[in-house]
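What follows is chain A paired twice: with chain B in the first complex and chain C in the second.
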Partner chain A sequence: MTAPDVKALTCPACGAAITLRTGAQALTVVCDSCHAVLDAKDSNLSILQKFGVKLHWTPAIPLGTKGDLKGEKFMAIGFQVRSITADGEKYSWREYTLWNPYQGYRYLSEYDGHWNDIVVAKSPPTPVPGSDPPVVEFHGEVFKHFQTAEATTDFILGEFPWQVKVGDKVQTNDYVSPPHMLSSEVTKEETTWSIGTYSSPQFIWNAFSLPGEPPSPQGVFENQPDDYGPRASALAKVFALFAALLIVFFIARQVTALRAPIFHQSYAFKSPTSDTSAFVTPVFPITGHTSNVEVTISANVANSWAYFNVSLINDQTGKAIDFGREVGYYYGSDSDGPWSEGSTEDVSYVPAVPPGNYFLRVQPEGPVSFSTTNYSIALRRDVPRLAWFLIAFVLLAAVPMFMQFREMMFESMRWKESDHPMGKTSSGTDDGDSSDDS
Partner chain B sequence: MTRKYAVFGVVVLLLLAAAELRGWSLDSTSETLNVPHTVRDNPGSYRPAYLYTGSGRYLRGK
Partner chain C sequence: MTILAANCPGCGAKIEFRWSSAVQTTCPFCKAILVRHDVDLEKVGVVGDFPADNSPIQLGTTGTYAKRPFTVVGRILYEYERGGWNEWHLRLADSASAWLSDAMSEYAVSQAVTAPDLPASASVHTGERHKWEGRDYIASTLTSAHYRGVEGELPFETWNRRDATFIDFDSNDDHFATLDYSDDTPVLYLGSYVEFSDLRMNNLRQIEGW
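Our next item is the complex of A and B:
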């Protein structure tokens, strides 16, 4: 950066030395000592505003510090604190005026650790008619209205290329398209548009070689990029691929599953329960690869139940898989009409049965009754299960759904501070606008 | 993140394939080893160790 035309002057209010870093460019300069606002265009530095400063802010970037913003060198020359009041609460942010003798002016803003790199827009955006909330288009990018408020200048330091005083008020309109923010400042005389780009605190710290670590950003800023959005989108695409594979696999399984019948027999029993009611079936082969075995027990129970202790026993190894199933069916009618409960059929699955010769040991049980219960037992092997596909679908969907939820929460936090919080109607928002403006 | 999810998805699909083709089941069963061949002659003497009892009415073991 070429050395600026530095002018050394004296404050007419307190006599302290004043340095004009931008030379003839400055319109306003503030005395570091007494904070008198001086007319930089006047060779005698006439006093524009003189006041007793009750609060003093120290800029995080000391005035006079030179920095490198993406290859362009700038010097911090001005600092101001501005605020808006919304719902009775005051929100303050800090703005830095940067200057380069060739590039001109550039600005940085900081709110709760969130930084924006701002340049003045050379042309205004184009409003998109009929949009609610309002939308504007700027260089092909669509910006959504975020907030309209009245900003007040609370503190100034250094020099500025415009006339500025403490207490100055302007109407600000923010439109966002993360990571960009389009802002207008409206006074009686003019409307100025600027375009800001969200910057990481570490980037600012490195650009100006500031000591220590930057304060961590708090909350979600209006044009803060949503990291969850692109990730959620990418995960959704991968999930769509997995879901398609899942459907293909499901169809293939439905087509190729053997569902091979391996045993079917009908029986009857009368005694309620007894070891003597137990019996074994003839030996039957289960062939092919290790697979599940579907066991279907059908019984002619009516307002009654039957319980079956079943063991699928390998005739060669003596290994038994034991399980118990109940078949119960009840029906009737009451003031609400006919009702029924249960079923006369029960289907269960024996997992991972290797090939071999098997027989069943069955011990039926039932309530004390004089009637005979007829039932049948049917076995099929290699039967597809919908449950596994549902479990796989839930597992695959969980991660992208969680990311979508995080994205939604992020956007909800972003818009919570706006004139258009998520989930509120436009009419409700309008009410909020009027209260903000009052 | 996407890569980790892709790996996770592949693992889920492989587990699904294994579960389907090997016939894994969520239904509870219990296993008894070395059931004597005499069970065929005297089925009532066998006392399986039940885990699943349907209504919960019969929870008993040997």
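Our next item is the complex of A and C:
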């Protein structure tokens, strides 16, 4: 049997040589020279359409180029520019028909630098009943409806195993499950489904050994996978691990903390007082390792306050840690009922106090009063503090929360161009389309 | 295993059968279409030349379908308004018969099954549902085709046939059904779409440049 794989033919419109790379499989072929659309089934290549478009596109993958796609060789044989119009704006993309005489056909699409590797689906997906926006299931994968539009063919080049002309219109329905995309093209005669996989531009460039660098993708494409998605979930796992460790550490700290009493003494003072009312306590030892010291000052103030200038002074080195604390407690009753403010007790912490012998210097102050204020000062060391754990927790949560936010932004950008942008309630009311009154 | 053999009544060449149940074959030398009557062959016509086509499959191609080895023993080329497609007749390892269709490099394997109450062609409409062997099918396309050519061993006689009507049914899991109305009684074929590489075929036609 003869094998004339490339037929030698001439264009009836301009006389240029026409090459049929797919031989008998081609149904439509476009003249390279004059862009007339020819009937490849006709041995005389009758003209289906003369070149009528003003714009001319050049395929990024020159037709006739063979590429290596997932271990198989494919040749680019057809190129189409198609577009949809939404809200008065035209969105164009490019489609390449690839062919291997053994494996058959495969397609590539490119929009704003985003590439998809596409094969025809051998069976249609199953609609999931009652879903809004619509959802379909295909081979166990769930796809969400993205967009329904009318696609127009604006430009064609090369040959096609189907009949195609410039100006052809089909209804397209896109469903997404990143990195996959299910698309149907509906004509009067038939509905065809195809399944695309998002591909990096560099993958396409490498497959076809294209020169230079691929244009970088703009925005977020409908089935573009969120590259940070897996990292975000990995990070969330790390966060969960650290959070668990923190909780374990917190519990361990609660259990092992000494909360050892160091000093406890009760005093009284009467205002006004002079500087000389400052006094020092007897020396007391702080033992063990360097730890924090909790200072609790209780005073029997009532609708009054007391202020304490306190110094914790190391008896050996004379090093002093100074701090002032106020105890104030007010209460009463008004039209809203009884109220109170403040407390008769103040708790503060002195961090990282090394062991040694210490004494306190205390100077109480208060409003001019004839009554005596009784107060006590109690010191404990190695007291666990919840605040530090909360701060650590918040710091730890910041990164995964940021990642979560970033992911939300990514998804919002993905769905922005769809029929179901985020933040809009998916229509049960039918103002979905008419609301876009420019 | 004895190889069935007979002489071509047209040119006298020795015809060896690859498949013991073949009803019709063609002489590779003189292109005679031969119908088998027990051991004798009757010449009923001559095959025309096949158009140059791009099927990578040929008589003698071997492969595997659903873990069953097969050999391509015959072929029918159908033609319809949008081109042509090949139905390659397979002899499976257990001598059963199956079909490998190659339509624009989309491949599918099917086998005839017996089913009761097959509908008449005129009564089937697109979208109609049928259940065969536990699977749901939806009628998708009706194809009117004609016999463009035959070669090799086939399970039925084709020399007296010219036109064929098929109704294709889809499932949602890459399976399909075809009702063949070439004959007076419809024949049901059930099968599945396959990837070329999954058939692991050998002895394919060499295509220049690939």
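One rule holds for everything that comes next: the second predicted complex is superposed on the first by the 414 of 438 C-alpha atoms of A that agree within 3 Å, B and C clash if a C-alpha of one lies under 4 Å from a C-alpha of the other, contacts with A are read in each partner's own complex, and residues count from 1 in each chain.
By our rule, contacts are C-beta pairs under 8 Å (C-beta built on N, C-alpha and C of every residue); 3 or more make two chains touch, one makes a residue touch a chain.
What you see is a predicted model, and the numbers here were worked out from it, not measured in a lab.
In the three-chain model built by superposing on chain A, chain B and chain C fit together without any clash. Judged by the touch definition given at the top, the superposed model places A:188 against neither chain B nor chain C.
Of the two partner chains placed around the shared chain by superposition, chain B is the only one that A:351 touches, whereas chain C remains out of contact. Once the two complexes are overlaid on the shared chain, A:242 sits against chain B while remaining clear of chain C.
Between the C-alpha centres of chain B and chain C, as viewed from that of chain A after superposition on chain A, lies an angle of 150 degrees, to the nearest 10. When the shared chain is aligned, no partner comes close enough to touch A:70: not chain B, not chain C. Judged by the touch definition given at the top, the superposed model places A:56 against neither chain B nor chain C. If you count the residues of chain A touched by chain B and by chain C, you find the higher number for B.
Annotation: superposed on chain A, chain B and chain C show a minimal Cα-Cα gap of 39 Å. Shared interface residues of chain A (contacting chain B in one complex, chain C in the other): none. Put simply, chain B touches chain A in their complex at residues 1-2, 5-6, 8-9, 12-13, 15-17, 19-37, 39-40, 43-46, 48-55, 57-58. Chain A makes touch with chain B in their complex at residues 231, 234-235, 238-239, 242, 245-246, 249, 253, 274-280, 289-293, 305, 307, 309, 311, 313, 315, 318-326, 328, 348-353, 359, 361, 363, 365, 381-382, 384-385, 387-389, 391-392, 395-396, 399-400, 403. Contact residues of chain C toward chain A in the complex are 50-54, 56, 82-84, 104-107, 140-141, 170-176, 193, 196-197, 204-205, 207-210. Of all the residues in chain A, the ones that touch chain C in their complex are 1-5, 7, 22-25, 27, 41, 72-73, 99-105, 120, 122-126, 139, 161-163, 190.
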